[in-house]
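Both complexes shown next keep subunit A, but they swap its partner, so subunit B is in the first and subunit C is in the second.
Coming up: the complex of A and B.
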């Protein structure tokens, strides 16, 4: 299984880069039958230059106040022991000392309400984080784990804001069924990993981070 | 055709259920009404419509074994607590309306949750954690219904639920999404996290969810009856977990809990009799809104014409305003039931509506003085009917599970109002909008229906009644028809995206601001309904594609 998995990644990594974009589809376990197994963290083999290229410490923030951020925190900190900082409604000052910013993408009305933010305020907050990250020369990972439920108009607006400034985008398959991320990443020249499960997103993340 | 989630269960269980379903489908031909996503299921001998295929299968299993509608409803309700644990369970509560054909009697069982007896007036309840939990009523209510009106033993009707909890079931996309949506509070509770994220990450669609602790708990209830839950070792576990975590529920609270048999609220709409759940829940408001709408000829225009949406939205807002002003626990406040159901009062409320423009601010009316959140529907071959709506309040309730029991607790304490008939008091039952309803013609019940959906329950029930009775839609078509929702306290008219652009423009011209949701959105609830053709006896069942609803019959 693991060999097959690595082989698939390698094969896909050799696909000629069209429009300088790298689109990797990780169809590891077969999308029709979700696996109940625990994939091993760090089992993914990434194209040269990407593996281990994201410096630590990192910081997890949301773009849209989705509760998916809490899942990504478990993925990064509980499973992979990456010790990312975490604040779903972080302001730029929270990024101080971090070298990688991870945006968890997805707009949630409930989340916005709980944070006391309007959508417009959330957009401004995300823009301010992007500016702060760029000024500090931080790397940016955007991750979308929420499937089609986190692909409404508001989510799409935030995705369109974050993806072009990201160094890499990780998407759990259901969120890219319409090819939205594929198109956006292709146009923005950003590497995209589409994975079948949240656990697989963790494998990609584990391989990206510097040891 | 219908969704099912049988793959992944043990081979023996799977084969048994498959056989059951094949049998069910053979005898229950289905047909797609125009433009419906799901088939309308027909049957002659019994039918169950619930929010989850396995729960419907549980009810069907009981009906086919000779049980009556109450037996089947109780079986499906316990099963729903296992396979739709985000929305219901034995840590929650509900209300059911039962029609007994041989006695021509309709009764309601109130098993709404209750505030603990301690003074919590200084507590900020919130919507998560132990302080948000009210004393659960589900076990008391289901056991009362079975004992008084069922024919089978608790062990018989609970068997499917116990099986599902032990062997597991496939997680649907809907269920997986609800876990993700509340993962932050879920991850703070170790016992709940162990159920919903056994390997650390939330269960995803296609994975198997098992709850062996819950299987054991259900077995204890099946063996020892409701006292095990309210006075025995399960009560001990709940009280101990509360004490450890700053909660207020004690063993005395649990021991004091009673399900209450109440008189349903009754009204008429265009010659049909509407029988629904009484205060402290929303049936009265459903009837009040229908009474207002009776003053307009809705059938004169197409179902989703701007005029009809406007009239219904205005009626809904008045119903909601009166709901907030007048409805609470009838044991603590005097509810003007007869006044709110008064046809003349409804006529006055209807006259307030300007057909051309939205009313900017709707206030509660002055009803005359008179002396005086998952849903399932079941019909059996004797004509008995059950409409049952249960809830944990929010999805995953308080995001708290009782260690060692598999029980997920409600967050009903968030439903108190700051003042008025629904103000908090110790031992009181809070108001909600649930409204399981039975409709009859000339004294013969022929529709059982209901929906979850928080504030949208009342509006969705009105839309269902209007779709069936004014527009003569088939039951599946009535359920799938695009929904909308208006409330006195909300500035937007919420609609599903299938409502066309030109209609939206016409509504904006009347003064509405529109908030569009996706084409089929669970924000608007997940209705289930069964309609019996009074001439032929054929049962027609519909289930909501907005959630994982399924209808089985034989």
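Coming up: the complex of A and C.
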């Protein structure tokens, strides 16, 4: 039982130091679902320095027009009541008044078509959001929930754009089976959470956000 | 499993499908017991068309309050291979119909449609619909089930243009058909190109054979091809039965990005997203979402949505697709066995209905008798229920 649960997470040795601490804690919490540390959401407990450190209000945008953003939105707002703003094709002006930006990563040709954007235009839009967030000293969370289906070349380009500027990255396991996020986060020294399910990603998110 | 045994009565199937059924008659479950029993030859079985084909595969349970035919909504379908049974579970139409000042649709009260078998090779949806018909009781809003939207498509297969392919589930036989109507049932030949009825001028035309694809033909045509008339009849059903929520159950192969997905219009995406979270937790399946849009002219999720219906197309993963490989063991496939796909279809319908209700977005049917486990579905499919 113990081995099975641990097996859901990436090997610790592959993960950068900051991320390793987080993954370790997530793993332990996942095993015992009990801890004296606070704050906590679901089975995830974060270190004191990180838990609750992402200021609200937050804003959810996609990087690649994936409909996974809709799932993250209901996870954050309907389930966790975090009241994020939301616009899958947000422009920088949408970020005014927000203190945390969350990118939902994944390129979707259908999504791009629906938004009337070429991939190049989407890249420029994402860059403009990053610039606006940095100018406003916003924290950035990148989240990937789409598994291997959202890991094509276009997705990878957007991931490579967003991950290095993020404060934390949350990935549902199937999206990191090849270690792409692990490597990228390691090189960028960005904290990485690899979680088994979208619901677990919600637990991480809930713990990160300020009350 | 009460899916009708291969050896059950041909006479029953013919009677039930003999177009004598009207909306006011009892469903054939009650008449099955009195129908003469006996073997029917496989060729006889394979030759069944229209409602008889469907009634040779499913036996309605006690939760079915009445049954009708799609031709009740568009009479020219009657007596054709495109006519197909419609099953009604729950609802309180009898009470509402006393109010004569209301329109027929408003008298009917809000209802939900589950359509399957638009593509007759996507059998998990058909079997999920059969489960509803055989096992479920419904309270709250009425549930309307159309288990084989395109019965013509069930009469042939990718491997044999003349005969349907049959898969054995225990000792029951269910047709594994094709995604397009049978050309011998169509009244017009395939055009060189096909353009869905409400497609924008900028959309590229489809291959001519797609004229026989029910899920490219919505909203259909009163006087068009038989496939178009079938789509028209379904639109009439949606209107006359006051359908406010509708599901279209499909499957996709590994080559498609649509496997394990829910497709709906942007305004209903929250329902689908909540359901996706629920499905991950309760069915262990991660769903993707796709947004319906104008480019999907002719598809159920777009066209039904144009009528104000909360429409959702659900796709599971059929490992035999895209070529309908007959060597694939549907029952025991290691990755995506049929029981799992049927279970997930039913869970998805339930999860979306719950999401709609939780958001206060409408009155939905409450279904009792849904499977609790995949193993329960497997036992039903294997005939050991």
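The definition used in the following text is that the second predicted complex is superposed on the first by the 169 of 211 C-alpha atoms of A that agree within 3 Å, B and C clash if a C-alpha of one lies under 4 Å from a C-alpha of the other, contacts with A are read in each partner's own complex, and residues count from 1 in each chain.
As a working rule, a residue touches a chain if its C-beta (ideal position, glycine included) is under 8 Å from a C-beta of that chain, and two chains touch if they have at least 3 such contacts.
Being a predicted model, the structure only gives us computed values, none of them experimental.
A.B. asks: Based on the shared subunit A superposition, would you classify subunit B and subunit C as clashing or fitting together?
C.D. replies: Aligned through their shared chain, the two binders clash on subunit A.
A.B. asks: For A:79, is the partner it touches subunit B (first), subunit C (second), both, or none of the two (neither)?
C.D. replies: A:79: touches subunit B and subunit C.
A.B. asks: Of the partners subunit B and subunit C, which touch A:135 in the superposed model: first, second, both, neither?
C.D. replies: In the superposition, A:135 touches no partner, neither subunit B nor subunit C.
A.B. asks: Once chain A of both complexes is superposed, is A:160 in touch with subunit B (first), subunit C (second), both, or neither?
C.D. replies: A:160 sits against neither subunit B nor subunit C.
A.B. asks: So, A:113: does it touch subunit B (first), subunit C (second), both, or neither?
C.D. replies: So A:113 only meets subunit C here.
A.B. asks: Tell me which stretch of subunit B runs into subunit C once the two are superposed: 344-352, 380-388 or 506-514.
C.D. replies: The segment of subunit B occupying space taken by subunit C is 380-388.
A.B. asks: So subunit A touches subunit B in one structure and subunit C in the other; where do those two contact lists coincide?
C.D. replies: 67-68, 70-71, 74-75, 78-79, 110, 146-147, 149, 174, 197-199
A.B. asks: Which residues of subunit A touch subunit C in the complex?
C.D. replies: For this pair, the touching residues of subunit A are 67-68, 70-71, 73-75, 78-79, 110-111, 113-114, 146-147, 149, 172, 174, 197-199.
A.B. asks: Which residues of subunit B touch subunit A in the complex?
C.D. replies: These residues of subunit B touch subunit A: 173, 177, 180-184, 187, 197, 199-202, 204-208, 518.
A.B. asks: Under the stated contact criterion, what part of subunit C meets subunit A in this complex?
C.D. replies: So the residues of subunit C in touch with subunit A come to 257, 266, 269-270, 272-274, 276-277, 280-281, 286, 288-291, 293, 295.
A.B. asks: Where on subunit A does subunit B make contact in their complex?
C.D. replies: 33-34, 36, 38, 67-71, 74-75, 78-79, 88, 108, 110, 145-147, 149, 152, 174, 197-199, 202
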